[in-house]
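First the structure, then my questions, so here it is.
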Amino acid sequence: MTQAPATAPGAAAPAPAPPAPARPWYRDPAWYQAYGVYVAVGALLLFNALITDRFLTTDNLTTQLVQVAPIVIVALGMALVIGTEGVDLSVGSAMALAAALLPLYLGYGLVPALVLALLAGAVTGLVNGVLVSVAGLQPIVATLALFVGGRGLALVLADGQLKQIINPDLLSLGTASLLGVPVVVLIAAGLALAVAFLVARTTFGRQIVAIGGNRKAAVLAGLPVKRVLTGVYILCGTFAALAGILATARLTASDPSSLGTLMELSAITAVVVGGTPLSGGSVRVLGTVAGAVLMQLLRATLVKHDLPDSTAQIAQAAIIVAAVYVARERRSR
Amino acid sequence: MAPPEAATPGAGPPVLQAAGVGKRFPGVVALDDVSFDLRAGEVHALVGENGAGKSTLIKVLTGVHRPDAGELRLAGEPVRFQRPFEAQQAGVSTIYQEVNLVPLMSVARNVFLGREPRNRLRLIDFPRMNREAAELLDGFGVRVDPRRPLHTLGLGTQQMVALARAVSVQARVVVMDEPTSSLEPREVETLFRVIEELRARDVAVVYVSHRMDELYRICDRVTVLRDGRHIHTGPLKGLERMRLVSMMLGRDMAEVRRDGVTGFAADGHDAARTPVLTADGLTRRHQLDGVSLSLHAGEVLGLGGLLGSGRSETAKALAGGLALDSGEVTVAGKVLRRITPAAAIEAGISMLPEDRKAEGIVPGLSVRENIVLAALPRLSRAGIVSRARQDRVVEIFMKRLRIKASSPEQKVGELSGGNQQKVLLARWLCLEPRVLLLDEPTRGIDVGAKAEVQGLIDELAGEGLAVLLISSDIEELIEGADRIVVLRSGAPAGELAGDAVTEPALLEVLADSAPTPRPAEEAEPR
Amino acid sequence: MNAPRPAEPTAASATADPKAAPAPLSDAPSVRAGTEEPSGRERLLGLVQRQGVLAVLLAVILVASLLYPSFASLDNARGVTAQASFLAIVALGMTLVIITGGIDLSVGSVFALGGVLAAWASQWGLLPALLVPLLVCGAIGLVNGLLIGRAGLAPFIVTLATLLGARGLLLAFTDEGATTYLVPKGSAFAWLGGGTVWGFIIPVLIALALFGVGGLVLQRTSFGQGLFAVGGSSDAATLMGLPVARTKVLVYTLSGLLAGLAGALNAARLTSGVTILGVGMELDAISAVVIGGTLLIGGAGSVSGTLWGVLLLAVIQNLINQIGSLNSSYQSVVSGGFLVVVVVAQRYLARGRRST
Amino acid sequence: ASGCSKSETADTSKGDATAGAQATQPADTSGKGCTLETYGAPKLDLKNAVVGFSQSEKEANPFRIAETQSIKDEAAKIGVKKLLTTNAQSQLPKQISDIQDMLAQGAEFLIVAPLNSDGLEPAFKAAAAKKVPVLTVDRKVNAEACKDYLSFLGSDFVEQGKRAADAMIEATGGKGQVAILLGASGNNVTTDRTKGFVDRVEEKAPDLKIVAQQTGEFARDKGQQVMEQLIQSKPGITGVYAENDEMGLGAITALKANGKKPGEDVKIVSVDGTRNAVQALAKGEMNAVIESNPRFGPLAFATAKKFYADESIPENVLITDREYDQDNAEKSLGGAY
């Protein structure tokens, strides 16, 4: 059946119908589309509270937040890219590049090393952005190149080696907390707020959405399309690098060979489960955060109940489909 | 082809009926208890203001939307079309308002999509398909290489292709939603000829148009919708034009009569001596061939020409949407070095594009955001958009252009065609341009709004704006423009000024330029 | 905006040599009377544009043969085609999916699952060994298709989920990867994967045949034309009365079937149901399709292009091995670089035909 | 024992430069052994030969780096004419075509580190067709020795699991709860190391409960994440068996961040013997590391030499992996890779 309308055809509609059809929220598809993720997060929390031992403890919840923070950061950048009707497969490689650079430059001090690592992310973004906006490549292919090559480059830089990090300042980035909240989580939350503001209130943010909504119209309306596109990919790359730095600090080691593998899929899943359409033209920041949290809680649940990998993967697949199905855009017809 | 006896319009049996049909969209009642019947061999006009529900009714009739209430009957039998496919199977063929063909596919493939000619091996016979497409289109006065991708054709030509497709199936009912909105007089004549043939074959035709004179020329009966409600159905003959308009607008006759139907003032404008914008020898291979023109503050310059004569290209080139091989554009004495859309806007040039669906609206964004899109940098400080300033601008323009939306936050994609056009106009006006390039500004706009827009054009010119007006509506061009430049095959073919701006004079220049359809090879994707 | 020209995508595509523009998207034959005959040069240009990958492929082969004598050997050709054949079959399905404007990320997992199922079922003979994977993988494709075509979900996310799901099924079926089913040696099924004709393994021939059929279906049947229409404009296709949902369901089912078939043939060749196969294969398939000139936004493409794309990837791989002891990290860098060069070159060759 | 065991094998307990070389176990004499004649390969002088080495995974972890390096070093030392190396980047089809490519480039002797125990048959067939002997290292393939391939050099992964279990039982006293950090799903190494461990624990220490088996995909960060989850949900865990060092080190990080003492509160045993792990062991943060020695170069070329010297080569040349514990860690550090 194609998108059965909530009101059955032929059902008697009151002749002078009020402009907004009165429908209880629980029967309104728009409601699920808007709030589905949050409900799912709540449901999973509730489920765990009842079923899983020691779930609703501060320690455990903190652990979940700390683990999800890098994914959130990457997903925020990804959400912007997806808003322009693009996608960035190279985020995992950008993380690896940042991680590989850190130990090489920590000798010059923490700040130079951090700046360099972030810059590496920005440069990957720049390359992607130029390939997409100037060369006119399709985003998947444009970023596929760095997906393949970026990690290789990171490994070349690191000589294929995992390196232990001993710089205490960098390490404290991974472990320190402020008022009981880990710094990693604070950074992710701050970034989410910043991106929400960017999307809702800045020229740049609105231009992102317009470009994703109708590229030709944006061009004719004089929007700096190439600049905005390049900027979006640079942001995404930089966010990925930041996530790479934080993950490295937490791991206490720079591990370019495995850091951020499959991150692109996690991030895209978070964005899409969070209600941002892959067809561009809208960005849901809070939804993206909720999407990432949902997938994190799901992974945690599966691990805590010691389900084998096979079951875990099938369960994840089912949840993704269910989440997207509930939140799907129902075309009225 | 001789029209059948005028005495028996629509006397045939009802082929397609809608009884008490209702359709709601979130926040809007698009159709409310509308009944409609269509008889074999009649041409049935469907009229109403923008947003009255004409397109929605058509979509209900053809299986795109499912009605919330009421039922459809095909030859007396109740039917429920689940999708357009089923309606087409049942012999209902439709040309939708926005050209709905596949841009990347060739003309021939578009014409025959879904019913391609096969050879003995049951495989598509491309030579035959191309041949048949070419012959078919030839009958519609369109001479294009059928292997050309559709998107390389102008909107008008695309419309003719859609027409050819819809008519070439053996349908019982042919529905046409604003088929002439981007057609030239010559094509309109072709279309009318086709409609006569359909009528002679006892096919029922639904015809939607905002052009009154067309309705009176070919339609037998008329149904008027207003705000989603059925207002009137009856023979068109003997129905006074003013009365029809008053039914559509819901205002009384006297009021309508007083306001008049076209919005242009009778007298011309006082143009400034020195031009604001001069274009010199605009050239682009195979599209433009040395177009020169000058635009003065406070005047409306008409740009005339046949389909594909390069009017849209000229406007696009001036607005930076099309790269030029050579030529120079000067605005207020300053030569524009590189024309990009941003540079053109910076220089005070605004262009309302011809194809509002593909090049204009951002359907997923709200009315507010669509209006302020180009003006964002001006409405923001340090990159942060001021919501208050936005709201002010949006409020002013929604009022001034009478944009009909449930709120500024409604998605533009949900508005009726005419209102979308107004939103776009607002987008460009809020930039406070010096030069306004209008490519078919009243395309698909209802009589009331059309008069408003025309009045607005007058007013803007009066305020000192330089306006370039491209219109396929000859009447509009004659009445609106102070001066008309006519293009032929991308080159200037003549100019009418002052008292010479008359319909016969224009038609004469156009006729001169008519008989040389450009070889298809020369065209260019745009 | 500091672009050298107002070279936004719309404009950029229009700056190309107009002489070459009217190259039809279909492989429609001869020029119609009444229009100018294109000159030989224009024809050549049109051909290069349509088959940009082929030009790149031939150039790479030429250069490689000159540089490395062992490259041009028949042996090497057999090896390269053998490796390419399985990816080719998967990429064929991917091409059809991408032409409809979709994407199928699940093919890698489905490929692996198909192999495991085939190896398991091969103990009962050739027919089960082919039917079981086709049934299961076709069903996964069908689920993709229903969720995408009927429920209107985004292809990317649906097939991402089935990527996980199919892998999960595979693990469940093999005791978390602990069991590897073996194809009985000397069985007809093993012959299907390992037998050779003139030194080329049978899957190569199967792949060629499938591409032939695929090309015909795509270019010369209504179903194929429907794929282009759905990809070019799904709304328009609906309004033109095409069975859009059914087309999508079919095309994802086909993709699942082809991935399953490729997996089964591969299992026959390896004579075992290897559990670790297919990771990242979807990206290889997508690369091949896109290198082959098929637009990811849908609406344009060809299966022949995909065939060249697959071969190009295989040849590049082979070339990297010919260059010799390149560190594995450098190999990735080189592959990534190659990808950019090829795609950019391909795009600039074909730009006259494009618009975004 | 046949004459296969190498005389120059270093004393494993010595922490000097020669440390870390492989030692072979007494050969399995049940098999007939493989000779040039039975294998049907042409005679060859390694010095003037083209030798190919097919690596399975990226040289992005200590094991693979050391393995490739060792082969390269030894080839240089012996002075083979040309060493071709390829890397399958964890793609089985690529390994097959890698091997075929090397054959096409004229390789006369192949050393293969198989990515998987099954599925390399087409590659072996191609080699057999050209009468090129294939020596497999580090992972055993399910094929016929002396026919599909010459012989296998490497460790017994099931045995590694068993020894890890022994170490775990010793560290925990055979009581408590253990978690297993599994390697990548579907991988033979994972399967074998799990099987050995689980079987031995069941057999010897029924009081040691295996409460969790979750994959850490052989990666440090995944190991860390899984461990963090387990610390919260199963606070009673007293032992962690990591199927490679990286995951073990990840577990240490997770434990430390949660205020637990790895090596004391929670005993950790892992497999591999990388430098980082042995260092952790020396610091007392781990309890045992079972070695899996990657330095196949000397042994592989020695075996090849013997083969061409018409000696008989046993089906399996199993190496004796060492075991590091907290006592010998410090001085064995030089032998870790």
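Each chain gets a letter, A, B, C and D, in the order it is written, and its residues are counted from 1.
To be clear about the criterion, a residue touches a chain if its C-beta (ideal position, glycine included) is under 8 Å from a C-beta of that chain, and two chains touch if they have at least 3 such contacts.
Remember, predicted model here, so these are calculated numbers, not experimental data.
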Chain pair with more C-beta contacts, A-C versus A-B: A-C
Chain A-chain B separation of Cα centroids, rounded to whole Å: 42
Cα-centroid distance, chain A relative to chain C, in whole angstrom: 29
Inter-chain centre distance, chain C versus chain D - centres from mean C-alpha coordinates, in Å: 36
Inter-centroid spacing, chain D versus chain B (mean Cα positions, whole Å): 73
Shared-contact residues (touching 2 or more other chains) in chain B: 64, 83, 320-321, 340-342
Multi-partner residues of chain A (at least 2 other chains): 2, 155, 160, 216, 219, 224, 308-310
Overlap residues in chain D, where contacts from two or more other chains coincide: 58-60, 185
Which chain pairs touch, all of them: A-B, A-C, A-D, B-C, C-D
Chain C residues within the chain D interface of the complex: 70, 73, 75-76, 79-80, 82-83, 86-87, 170-171, 174, 176-178, 180, 182, 194, 266, 269-277, 279-280, 314, 317-318, 321-322, 324-325, 327-329, 331-332
Contacting residues of chain A [partner chain C, same complex]: 1-3, 87, 89, 131, 135-138, 140-142, 144-153, 155-156, 160, 215-216, 219, 224-227, 265, 268-269, 272-273, 277-279, 308-318, 320-321, 324-325, 328-331
Chain D to chain A touching residues, read off their complex: 58-62, 65, 182, 185, 211-215, 217-222, 224-226, 228-235, 246, 249-250, 253, 257-258, 276
Residues of chain B that touch chain C when the two form their complex: 64, 83-85, 87-89, 94, 96, 100-106, 108-109, 113-116, 122-124, 126-127, 130-131, 134, 143, 145-149, 151-152, 165, 285-286, 320-323, 338-343, 519-526
Contacting residues of chain C [partner chain A, same complex]: 1, 3, 8-12, 103, 147, 150-154, 156-158, 160-165, 167-172, 176, 245, 283, 286-287, 290, 295-297, 327-337, 339-340, 343-344, 347, 351, 356
